[in-house]
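Just so it is clear, A, B and C label the chains in written order, and each chain counts residues from 1 on its own.
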Amino acid sequence: MYALDLEVIFGRHWLFCATEAEIPEPGDFVTVEVGSTSVIIVRDDDEGVSALLNVCRHRGSRIVDDPCGAVGNFVCPYHQWTYRTDGSLIFAESSQPGFDRSAFGLRRVPVRSLAGLVFVCLSDEPPVDFDEVAGVLEPYLAPYRLAGLKVAHQTDLMEAGNWKLVMENNRECLHCDAGHPELTSAYFPFLTSNPEDITPRLRPVYEEYLGAGAKLTEAGATRGIPSGARRELDSRPTGYQVTHMPLAGKGRSFGMGGAPVSAKLIGDVHDAVFGDMSVHFQPNSWFHLLSDHAIVFRALPVAPDRTLVRTTWLVSADAVEGVDYDVDRLTEVWTATNDEDRGFVERQQRGVSDPGYLPGPYATVEFDVEAFVTWYIRRLESHFGGGRDHLGLVPQTAAR
Amino acid sequence: MYALDLEVIFGRHWLFCATEAEIPEPGDFVTVEVGSTSVIIVRDDDEGVSALLNVCRHRGSRIVDDPCGAVGNFVCPYHQWTYRTDGSLIFAESSQPGFDRSAFGLRRVPVRSLAGLVFVCLSDEPPVDFDEVAGVLEPYLAPYRLAGLKVAHQTDLMEAGNWKLVMENNRECLHCDAGHPELTSAYFPFLTSNPEDITPRLRPVYEEYLGAGAKLTEAGATRGIPSGARRELDSRPTGYQVTHMPLAGKGRSFGMGGAPVSAKLIGDVHDAVFGDMSVHFQPNSWFHLLSDHAIVFRALPVAPDRTLVRTTWLVSADAVEGVDYDVDRLTEVWTATNDEDRGFVERQQRGVSDPGYLPGPYATVEFDVEAFVTWYIRRLESHFGGGRDHLGLVPQTAAR
Amino acid sequence: MYALDLEVIFGRHWLFCATEAEIPEPGDFVTVEVGSTSVIIVRDDDEGVSALLNVCRHRGSRIVDDPCGAVGNFVCPYHQWTYRTDGSLIFAESSQPGFDRSAFGLRRVPVRSLAGLVFVCLSDEPPVDFDEVAGVLEPYLAPYRLAGLKVAHQTDLMEAGNWKLVMENNRECLHCDAGHPELTSAYFPFLTSNPEDITPRLRPVYEEYLGAGAKLTEAGATRGIPSGARRELDSRPTGYQVTHMPLAGKGRSFGMGGAPVSAKLIGDVHDAVFGDMSVHFQPNSWFHLLSDHAIVFRALPVAPDRTLVRTTWLVSADAVEGVDYDVDRLTEVWTATNDEDRGFVERQQRGVSDPGYLPGPYATVEFDVEAFVTWYIRRLESHFGGGRDHLGLVPQTAAR
């Protein structure tokens, strides 16, 4: 199943990999490892973004070892084959007579930037619906001007669990109340939009939540930013969701109790109270855009039971560390939350690997987990070219 | 073969897992890992012993991480599904309409206590001969009152060898003379009951051995404890053996030179010189009951070439550490012996993994190794429903 | 492919394993691990060299754990079965009636010494062309009297790459200019014998190289040592090559800038300026014989992506450490070179494991890499008993 996941899911869908903010200048690059595949994402000499396979066309050496850096050209360390940042080969020593350099450039990978978020697809025939999705999301994201932000911090967390458990964990907040005391100090405790489920004790808080939501919609309308949720998580190859949610407490940002974490607002957002613009992509990424910073997450499989979660915190380019923001305070809530989630994923990994495991019923608020699983199964069905008979897979819902 | 061993041998036979002495109070539990399966062995609220699969029925998380502990109820750390110590589900948040809690208790595993020794079977159809074997062994073991003893020490030793090599090593003492100087200071050097094999030089020691044996039989008869050996190692699913053997030197216990290791005798044993009541179970355990303490051993497979051996030392509940016994002195002989055996197993693992390995002939005194192998082959034959043709397996004896 | 390599390449060809200089006295031994097979190479009581499988014929334990040592007899540590250095069994305790000791000696492996270099073959039907190859090489190697040298230093370097990448790296020096600054201080920068490829700037150095080569030939002729290259790298099972190359700079040895590294010349070599007698063997060894020392290398597979490279430095038996040679200076160039090569191999391993890898064209000076690959493919073809259709393998050259 892991090989199938790498081939069908990670090999043929758009994957969020990096932000343009990580490669501001020509020659700046980051590398991304998807299974055994290494991709170089580089700022071109013409200011565009290229994605190149990190494998020399001579004898197959890795071209760059470093996770990020800056180059003039790429020079393979083994025999000095030299490539431009667009991948074209410009030097190869002792080549055979008739050798055609133009046939041996670094292989290029489809790449797109959506409002500064860089997606690549390892297939030469990427899903065609990306542009349509980008069209939907662009108005939500553009005001944050993500490409022009500054990377304030980045962490890599290895979780001892399959990537699907990492994603399922991300797609529900039923575990938040008991599991994420830091995060829930900024989040309203409402996981459902069904007013009938609100207990009398929580009714006043619910009213506050509704009021805060209405203010967000109003503020967005003033700025020309759409605020209605869009949700196509399991109905297309490039599954996504965007939701604009009010924050609790001080209502500003992801500091403890909803406190702000940077003194400089980002992009064109002029309201300090502007909630959480929350975006999900299938199969492997999620994003929180706040008035004073943005956090982007990606999960990449490393082994059947190992997943690397990269978290990047972005602040305004003119925010000064130690003056406008403090890294510890900026990252406090999500560093704790990530680590708590790692614990949940790892416990679940051990449990679902137990021959005694039986799938159980979802809770009502786990609908986005179900959407993830449905998307996943549909993508496999599509790969096998027919109904679900091929794998014998049925969504867990059917077993309820 | 490892998967087959987990399925057929460890998945369908009674496995010694723990002693009741480890879980004296309601809510006390230990966990046992058999391959990827984790079982919670817990003292019920009604003072019985339950065995539960350690997998939440909601999304499959491990319920408990700790190897032992005490609980009121079991609460899954992921979404707080809550179970009683008998496994029944009493709380599940945000459940779907019509959800039936009674259908989602923790799965129960067959469990038996034999004189305080807890056995579980991972199959719903465990071997039916356990009760018969228990009937045979109960009179030998009951006088030691194992359930009421105190755990003085417990060690886990990871051995880099297949579990079958660990068991074969346990089932012969041909290697003891050169390999276990500590153990042989308490054991008579007689591995056979064939008097013709005794050399003239050893004749006086042999006479001493026979005399000590006769005294044991006499002492047992006085107390109503049977002393005749029983041996059904390869003739039934729940293969076992019990032998009552005299000790050399001071003849008391497993201290160096047969010295006692605790000042308080255990159970109803009133003779300080009462030899070694030695018990073997297929596939994975062995026991030594002495007048002043008991040692219980279990071997569990962790990987094709990795086995975890747990050793537990039990003393009288009223023995006081530092006064009646000293942990170092109590554990000295078997800590050294275990580590020496680990070395033998690991060297053999490397050798039998060598393409140049050819099985060789057993020595005459390796009859219990042969009994183990015969039991193992018969269990596989039984699984495959016919003669040994299915696997092409023949006992090594036939090849001599 | 790894299993096939172990079976066909390492299981059926002559492998350089050690030098006689490592086992000067009767009972001296070294062990060699080829995949899971362990071989003891031991100096017999009759001064010959025996190769024995390191597996006890009783229950399969490893006989010796140490990589080298000295014994009277081999005693298995498990149950003390005892073998002479020729492998014959002389003691087995408690054996069954009728046990025939002569049938249970340690299994012997074919072994040959070529001028002090010890080769073994794990097959009972080793390639018959070894003696012919030895006849060719003996006159080149004998004057160095390798068996009588002294081991000055030995290193084991684990490289995270497949053994074939290690060998390919060894078989070309296109990477030397940029990759091995230490080594190229002693080597002339000429990888080809085609004078047309020499640039005008390098012409004077090339003339110097030709002159140094002519002097070597002359010196060899005086001593009766052949100096013409012999190259049968891909045309026979025991593929080999010998080349006598002049050194640059001081022209003496592998010290920095061609400096000598030991004050005592070795064997019958009386010219301090005697170049580098360079020998290659398929599948896994290479050798450099200098006037003042010899370096021998072997690569052995440990896993599909792991290879152990052992390097042994030999000096004159009467050279005194600290007086005639200094170990740091003796080993400086090749310790650095080995480590640099490890880096190249590991980067290439990651790259060729990338699904995005496509084989590329060789440079003109990579002809010995191609010879290695051709030899390898021919050996597999021979194994499969026919044309290359069986594996679908074609040399990369054909794809240029």
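Here is the rule we use: a contact is a pair of C-beta atoms (placed from the backbone, for glycine too) under 8 Å apart; a residue touches a chain by one contact, two chains touch by 3 or more.
This is a predicted model, so every value here is computed, not measured.
*Asks:* Using only Cα atoms, superpose chain A on chain B and state the rotation angle in degrees, rounded to the nearest 5.
*Replies:* Rotating chain A by 120 degrees superposes it on chain B.
*Asks:* When chain A touches chain C, do the two copies use mostly the same residue numbers, with over half shared, or different ones?
*Replies:* Looking at both copies, the contact residues mostly diverge.
*Asks:* Find the geometric centre of each of chain A and chain C from their Cα atoms only, then give the gap between the two centres in Å, rounded to an integer.
*Replies:* Each chain reduced to its C-alpha mean, chain A and chain C end up 50 Å apart.
*Asks:* Could you pull out the residues of chain B that touch at least 2 other chains?
*Replies:* none
*Asks:* Per the contact definition, I'd like the list of chain A residues that touch chain C in the complex.
*Replies:* Those residues of chain A that touch chain C are 11, 35-38, 53-63, 65, 77-80, 92-96, 99, 104, 107, 122.
*Asks:* Within the complex, which stretch of chain B touches chain C?
*Replies:* Listed in rising order, the residues are 168, 174-175, 178-179, 191, 343-344, 347-348, 350-366, 400.
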